Amino acid sequence: MAATLYGREQIARKTIAELLRLFYEKGWVAGTGGGICCSIGKDRVLMAPTGVHKERINPADLFLVDARARLIQSPRNRSLRLTECSAIFSLLIHRRQAGSVLHSHGLSAVLAADLAAGKNRVTFRDLEMLKGIQGLSNSDRHAVPVVQNTAREGQLVAQMEKVLDDPQFDRSFCILVKDHGAYIWGKDLWETKRHGEVYHFLFEAASARSARNPGR
Amino acid sequence: MAATLYGREQIARKTIAELLRLFYEKGWVAGTGGGICCSIGKDRVLMAPTGVHKERINPADLFLVDARARLIQSPRNRSLRLTECSAIFSLLIHRRQAGSVLHSHGLSAVLAADLAAGKNRVTFRDLEMLKGIQGLSNSDRHAVPVVQNTAREGQLVAQMEKVLDDPQFDRSFCILVKDHGAYIWGKDLWETKRHGEVYHFLFEAASARSARNPGR
Amino acid sequence: MAATLYGREQIARKTIAELLRLFYEKGWVAGTGGGICCSIGKDRVLMAPTGVHKERINPADLFLVDARARLIQSPRNRSLRLTECSAIFSLLIHRRQAGSVLHSHGLSAVLAADLAAGKNRVTFRDLEMLKGIQGLSNSDRHAVPVVQNTAREGQLVAQMEKVLDDPQFDRSFCILVKDHGAYIWGKDLWETKRHGEVYHFLFEAASARSARNPGR
Amino acid sequence: MAATLYGREQIARKTIAELLRLFYEKGWVAGTGGGICCSIGKDRVLMAPTGVHKERINPADLFLVDARARLIQSPRNRSLRLTECSAIFSLLIHRRQAGSVLHSHGLSAVLAADLAAGKNRVTFRDLEMLKGIQGLSNSDRHAVPVVQNTAREGQLVAQMEKVLDDPQFDRSFCILVKDHGAYIWGKDLWETKRHGEVYHFLFEAASARSARNPGR
């Protein structure tokens, strides 16, 4: 069993490094921004370091923390620091049973959040790709919450708790952060990748349609 | 002869896996969406599984079905499920003698379908790339049918039969599905790839020109 | 000397295949469109085949022709056909001493040609990248001719001869073809690659600026 | 110590070649434009050659110069010429203690500089990505200077000295050059890469938001 757990952790470490290279190519983690975490069993979570070029992270560069983001094991490279998103990652794991959370700095997320225009949400509709989000049909009007940006990432937690309590957002696997990006999650790394691709598609589609019909 | 058929099937399986990686890079099969099929002889068709990351499909992951999409052989990986597009794929193989069909979830297809603006078609014209579609010249006005999206993919069949019966669409190798994407076909995998590239070029060109001249 | 000529031809064949893969990634030769040629000595020119996926062309797939595009040597693969651009390639080699010509089907070329708006030229200005074109400074107003598209590629020759005779276009290494793309040349394959990148940059810059200032 | 210095130089040479391939893919050094330098110790700077395809530069192709850009060692390939940016690179190393400078010809830099609309600066605000610039918070209004283009790159120096003297630009690691591109620097190659990605994100975000709200 220990061997199995060890194997699971190693696969998760390699997959995280691989997905970060993919997300970099997509423009979601440029400029050392963005991040990712992955649960690897009860009370054990792998989190990416902050302030480093995300596409160059090695499997050994991840932090192992518990469910409250308290350090279990640091990477050997002592210059690495735990992501500032750790409190948000823990919140989403706890409140949404997320098995993995992607933090995207994609420009399309920023431009989609602008569409909220003072409201606390953006609604996506009339798109088959909605089916790519767990539990949705293509006829849903899918409300995604938008929170305001704060000076430090940890200060986002209070706003996030509020939208997680709001029933209108029960089915969202995404929280947009104005001027900043998005947190997107799923039951595991692969659902998170799928949700990441689907939500960024929704962001781009909504911006493109809004440009055609500004009043829509 | 059995050996030749076997070789043909293996080449088709490898080519499908390779083309799905290419189509993923182009944004046509993101978020596990989209799909592809390929006929490998009388009454034998390879179809991609649904609900999986399309760029990670292996040659062994494909379903072998007959002309009515009835299962001949499932992949060893028992978690895989046959694509929901199977009825549409069979329809296009039957009605248009398609040797291969691509189902694209590309955003440019969705935005091109929006240009129909209530009509049942989008017309592409004044583009050399029209020559890239079998049988067309660059002076053709090329009408591509647009059908309305449905809750399940199989429910598209009735609308598709109707546009396939409509003589104005006799020369189209594409059916656009509003809010969804496109079905694009050809006599074999390589013509389908060519038609895929040409139609997505037409989609992008039409959207770009429409943005410049909204009233055109 | 024969050995040297042979080596030069082999390098050109490999470089053409490599550049076609690069140009495919840039969207200049999608859907089997576009093409390239390269002079490899007096009265000997390599030309790409037509109607094939350009990014999959092998060094052995090229045609060897003389200065008037008459066949010297066909590729072993007898299904390949000489490019329809051959007469235009020969014209540009003859009239502009081009060592290589790229025929691009890039969408940005089509959209730039639209900016001519009935005139026979598009003028590019106020861009440092103009320096990337042989003989130009960044303060030049660079007039690029636009010809009308024809049913067959060979029919473009008459219009092209006319613009090549027109002194206002003496410094252009590019002819735009309305609704079609561009012919771009240079003294050798590498200058043609550079000119290709520079002209497509000019196309994109002009379209982006025109969208901001439609009346400019 | 000599060995250490030698090793540092070799790593810098390899990293420069690798980053130029990356920057080419991003469209920052197309058409042989753009460039890069890296300090490798007191009074020793590596600079890329001019007029060559930047993504094909080898580690051995760089020039070694002193702090005033006077030649210490030329590459073996005698056809290579020192970048015209050398005086600007030296200025930024001297005045801003830059350990590395990227010169980008990215279209997004040109379009961002257009936003200055006659002023000598563009101000970026309301973006988390501002944190990716050394010393900034996400609530800063970040003024980036814009200088006018000149016939030769060396003639930019006088304008650049002026903006480097201007206290409103003390915190900028970027100078935009109208119709041309940007100079972006950092304490070493990796901070320069990060700043390059962050500033180009700011350029794209500002242009996209300006298109939505032309009067903003």
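A, B, C and D are the chain letters, set down in written order, and residue numbers restart from 1 in every chain.
We adopt the following convention: a contact is a pair of C-beta atoms (placed from the backbone, for glycine too) under 8 Å apart; a residue touches a chain by one contact, two chains touch by 3 or more.
Note that this is a predicted model, so its numbers are computed, not measured.
> Over the chains that touch one another, what is the least number of steps taking chain B to chain D?
So the least number of steps between the two chains is 2.
> When chain A touches chain B, do the two copies use mostly the same residue numbers, with over half shared, or different ones?
Because under half of the interface numbers appear in both copies, chain B and chain A meet with different residues.
> Any idea what the CA-fit rotation angle from chain A to chain D is, to the nearest 5 degrees?
It works out to 90 degrees.
> Could you put a whole-Å number on the gap between the CA centroids of chain C and chain D?
Between these chains, centre-to-centre, one finds 31 Å.
> Give the residues of chain A that touch two or more other chains, as numbers and ranges in rising order.
Residues 211 of chain A touch two or more partner chains.
> Using the touch rule from the top, collect the residues of chain B that touch chain A in their complex.
It is residues 30-33, 53, 105, 107, 110-111, 114, 149, 151, 177, 179-181, 211 of chain B that touch chain A.
> Please name which positions on chain D make contact with chain A in the complex.
Going through chain D, the ones touching chain A are 126-129, 131-132, 137-139, 190, 193-195, 197-198, 201, 204-205, 208-209, 211-212.
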